[in-house]
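The structures considered in this document are given below.
Each of the next two complexes has chain A plus one other chain: chain B in the first, chain C in the second.
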Partner chain A sequence: MNRYRLPIALSIALAALGSVQAQGTDYSELLKRVDATVTFEGSDLSAEYTIVKRDPGGATSTTVATMFRRDATGQFLILILAPAIDKGKGYLKEGDNLWLYDPVDRVFTFTSAKERFQNSSFRNSDFNRSNFSKDYTPVSGTREKLGKFECTVLELRATNDTVSFPRMRIWVTDDYLVRKIEDYSLSGQLMRTSAIPSYQKVGDKWVAAGMVILDHLKTKNVGGKVEYERTTVTIAKPSLAALPGSVYTKEYLEKVAR
Partner chain B sequence: MTLFLATRNLVLQRRRYALIALAVLLGFSLITVISGAAYGALETVKSKAARYFAGHVSVTGYYRGAPSMSDPDAVLETLAAAKLPVRTMARRTVYYKTDAELFFGGETVRQRRLVGIDFSAERDELANLRFSDGSIDAMLGDDGRDGILISESAANLLGARVGDDVILYLTTDAYQYNTATMLVRGVFSETSLFGYVAYVRNEDLNRLLLRDPTAASDIALYAAPGHDYNELAESVRLALSSRHAVFPTLPTKDTLYAELAKGNSEETLAVFSLDAHLAQIKSILTAFIIVAYFVLGVFVLVVMVGILNTYRVIVYERTREIGTMRALGMSSGAVSRLFVVEALGLALLSSAGGLVVALVLFKLAGFIDLSSVPSAGLFTERGHLRFYMDARIMTLNLAIMVGGVVLAALGPARKASLIHPADAMRDEA
Partner chain C sequence: MTKVGRARIVAILVLAASVSWAQEEESLDDLFNDPVDDTVSEATPTDHLAQFVTDDKIRFSGYFNAEGGVVAGWTSWPVVSDPSAGFDGTVGLTATANLYFDARPDPDFRFYGYMTTSMNPLAGAATWSGFSIGELFIDYTWLGDVFIRMGKHDMAWGQARLFEGVTDIMADAVSGFSLRASLPTLLSGVSVIGMINRADVTSYRQICYAAKVDEVLFGTMLSLGARYQLDEGLNALVSVKRVLWSVDLLVDTVLHYDDEAFYPRVLAGFFREWPDIKLYGEYYYNGETEGGQDHTAGLACGFNNIVGSQLDLGLQWIHAFIDGSGSATAGVTWKPWKYITATVAVPVAYGPDGSRYVTTFNEDVADRRLALVFGLEMEVSF
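Let's turn to the complex of A and B:
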């Protein structure tokens, strides 16, 4: 009997390993599908972002910005339209460099993609194209119901240190749309929860129509209830109209900021 | 003989000299108080800066333009072997990025500087840190684990007190987000220039930055009493250059930036004295000291005019006495010397009195609490003015005062020496 134990154990172990590998491959494939669903490799994407930040138990501030994005080259240009004090300010991403343009001093300064956008919970990197499959590797997955959505929940670990969050959990519906994201720090602290309840179809791809982001670092106990800094992002007027290459230049940003 | 006569004259004619003595006494006490306060302010700024930067002399490693010290143990070993005049030597981990933030109760405060400290080694050096709540002792040993000392300004903005858990946010060397819950173990008062700094144990900061627990970015050295920081910095630089790549002498931060711009392909150590860190502040205080001495120079000039006139009267009144001394065989040079020695003695005695008055004024001014005066915190220690006086400053002050008095007395002394005995007697007749 004993002589059969080792081969049986080996067979079970190999089968288990194979199952995990297969699962891992599936999840990687799922991430690729997720990226493909919201990425516009063949055209430019422009849209108007309205970002409303509400401090816990306090004031709100609104930023309106126009975004031009070219996923094929990884470029984007953001031009702030409101509030009036920040009008003309802009961000330009060229390769790995992100420039911030100040129209008052007329100077470009380096900034980080990991910085908060206009001091909200939305990060500069959130304007980037979706790149889950390249930047993260799935370490586990489960099925879970999120409100009315049946989702696959993936736990992701960063494959490189250029991404903002080293750990992440994402809820993906069967149509490959991300419905919820939890962003964690290296120590495992939950830093941000984003919900994306609605998407809008643009061409044959999808663009989020709205997002709600809760900042778990900025919390306050208001009347016995914990309130988070809440950032609501509304994305309107999406367009796939082709844009000239000159849009993604410093000169263009300087010109439109005048 | 001249000394005896000068002393006798000073005693006998004390009433005539009283006015000059009073002017010199006030002048010297004023010089001493103002220079003592100015140098005291400079010393206060330096002691605050020593906490903020890494000691009186700091050693920081740089590799390809970024702070990096791969083997702090080797640096410490070299410095220990050099037997330098140092009272404390400790490793520090300084978070040189400016994105560290503290979160509490819905509020955020960005920290200008986050410093990891070996509290057991630097405890005595940080003893002057004024705590409004908690203490530095709470950071000692394992009890201090995951503790943080925050400034009063940060505590007020966050609404945090000792015992509260704040979230510390930073990015690792690879720029990845990291966070930790830290217990506030102390809230200290610090001026805005050196404010918005938080202190944690260096092993805790190393852990958050994903570095080795014993890693360090800086070595902090505190000079033994009486030793010049710049000389110590040069000694440190020379000692390190025997085993490590070291930048040339760096008198200011700009010189470091110029060196870094050249691009260092191997890890190179930068040795900074506190004066190099404080070049701008020091120039402001030096300007203040120069202005103070200019004002005092004008004051000494006024005193000199007074002394000149008083001496003219004294010489006139003592014409007969001078004539008698000349008739008895005293040379004209000796007469001149007599008046100069009298003036010198008067200046020295009055300056000694002025020093006593200045010491009393120092003591009284030390009781005044300036905490409520805006921006006074930078120049005060725990809200009180500090006075600093050393032999060099004292000698300079004494030279200004005594030199002024003797210079004023020279003219009348020369005039007295020119008096002919027969003329003096004839005038009297």
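Let's turn to the complex of A and C:
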């Protein structure tokens, strides 16, 4: 028996070493594939977002917005359609910069892109193109079953401080679609969990059909159960119709806001 | 107890704890057990832009606001020996109605305006004033890249929240006639403006000219603006804003120059927002005041849904260093019914008699030092 131990141990060690190396490479490559699957480099993307926020305890509020996005230049423009009190408000992102427009006061406000969108758990940065491969580096990966999905679970660390969360865990199915995200603070506290159970294909790329987000920082004990602020996002009527470049400007936002 | 017995108890406790934990935590994992299948979107692309740039009919909308309330308090500090000394009460009622219209017959053309009327029955006749034009302008997109807005329209420069308008060198635009041409794709936006803001303008020399350039450099927003009119002189604005650790930091500097004077106005401030709290503070220096010692500072904080209730709390404090006067206000608002907001506030004005926040800038019609305000406001947009 002893004469087999060394070769077996060596082969296990070599396999493990090979696996780590392969996984290290594969995970970075996997992130690139994830980005490529949901990024529209060759066209504009527009869609209607319905965002329903349910406070811990039950009160709900709904925001409807139209989004126009140009991934090739990192721009987006968002116009609020509802509720009536916010109708005409707009968001314009150029690179890392975000402008908010208030049509009542005719004022543009320059602000951080990381903030919460309309005070929901959905963040302004969530409208951005997917950029996992540049903003994060994978530090480990495992295989895990998530409901009916077989997933690769990647633990990610941010490569820069412009992202909303310095640490993340993402569940990626074998078709390179992210199904679940856990966002963590630098100290490891779970900040937010997002689920994307289903996608819709537009052209040869994919867009989430719906998302559910739990904000772990906004909690309430309801009947002995800890409830989090829950935000449900529905993305409808995705379109690749070409848009003029002037759409992604402050003047355009000012012009179209009602 | 045997080892097996202890192990069973430990296992039961661990299991119970894990079950208890599972019951407490809301989880999203159930969503993946039987999710809706991924789909392929319809082939016909939706023109989302069309709903904003064209409309086959003129859209009308309106706004109505009515405010009423009671203010009671002391025009001088109350004294225990004679609480009625300086005590005064006022009733107020005002109403405003606006009618808006917006026509977008073509993606490159828009016609927009609104008419406004108001009534103050306790300060005059109980009749509505005649309708006046609030704004009336056209938007025209020239050659796809030049945005032109022409007519009577508002614009806002500067960044002040608390000392609103002090660095907005175009604050009077809405009362004039302006032609603004903007090149949005040049830097972060370039605008040139010609404005007629006085009567009997017969020469181009009497027109007010202005220009503004916005650019973002290394995450910092820079805005340079200038306004010149022959009789007014030159006003130059430099605005800087940066977001650091989720705090908006801003500085506006206005330099005024004419044949008789040269002075700066400086506003510096911060703004921080949490889900249910807003906090902002500002410092304002007005070099126009003789002596060059006109410094004012302010702090404001708003709390939504205090202690889980439907009440919102607002606190504001402003202090003028030049004469030691100031105002402090605490107010609570809530919305008991649809369209209705109720307010209870306690404003306090301190400082020497006749000083800035006791008299000049005192928002109370009777210049009370200490008051209790109760107001009801109906506000409807339709």
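Just so we're on the same page, the second predicted complex is superposed on the first by the 238 of 258 C-alpha atoms of A that agree within 3 Å, B and C clash if a C-alpha of one lies under 4 Å from a C-alpha of the other, contacts with A are read in each partner's own complex, and residues count from 1 in each chain.
In this text, contacts are C-beta pairs under 8 Å (C-beta built on N, C-alpha and C of every residue); 3 or more make two chains touch, one makes a residue touch a chain.
This is a predicted model, so every value here is computed, not measured.
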- request: Return the chain, chain B or chain C, that is in touch with more residues of chain A.
  value: C
Message: Looking at A:L186 after the superposition, I want to know if it touches chain B, chain C, both of them or none. Which is it: first, second, both, neither?
response: first
- request: Have a look at where A:G223 lands relative to chain B and chain C in the superposition and call it first, second, both or neither.
  value: neither
- request: Answer with first, second, both or neither: which of chain B and chain C does A:A241 touch in the superposed model?
  value: second
Message: Looking at A:E48, would you say it contacts chain B, chain C, both, or neither? Reply first, second, both or neither.
response: second
Message: Applying the document's definition of touch, where does A:V256 land relative to chain B and chain C: first, second, both, or neither?
response: second
Query: Is A:L214 touching the first partner chain B, the second partner chain C, both, or neither of them?
result: second
First (chain B), second (chain C), both or neither touched by A:A158: first
Shared chain A surface residues [contacts with chain B and with chain C]: 112, 114, 218, 227
Statement: Within the complex, chain C is touched by chain A residues 46-48, 66, 68, 79, 84-85, 94-97, 105-107, 109-112, 114-116, 119, 146-149, 177, 179-180, 193-195, 197-202, 206-207, 209-210, 212, 214, 218, 224-228, 230, 237-241, 243-247, 249-252, 254-256, 258
Task: In the complex, go through chain B and note every residue touching chain A.
output: 103, 105-108, 167, 169, 171-172, 174-181, 208, 210
Task: Note which residues of chain C are touching chain A in the complex, please.
output: 23-26, 28-41, 45-49, 51-53, 59, 102, 110, 139, 141, 144-145, 147, 154-156, 159, 182, 184-185, 188-189, 214, 216, 219, 221, 241, 243, 246, 248, 273, 275, 381
Query: Any idea which chain A residues touch chain B in the complex?
result: 55-58, 112, 114, 158, 161-166, 185-187, 189, 191, 217-221, 227, 229
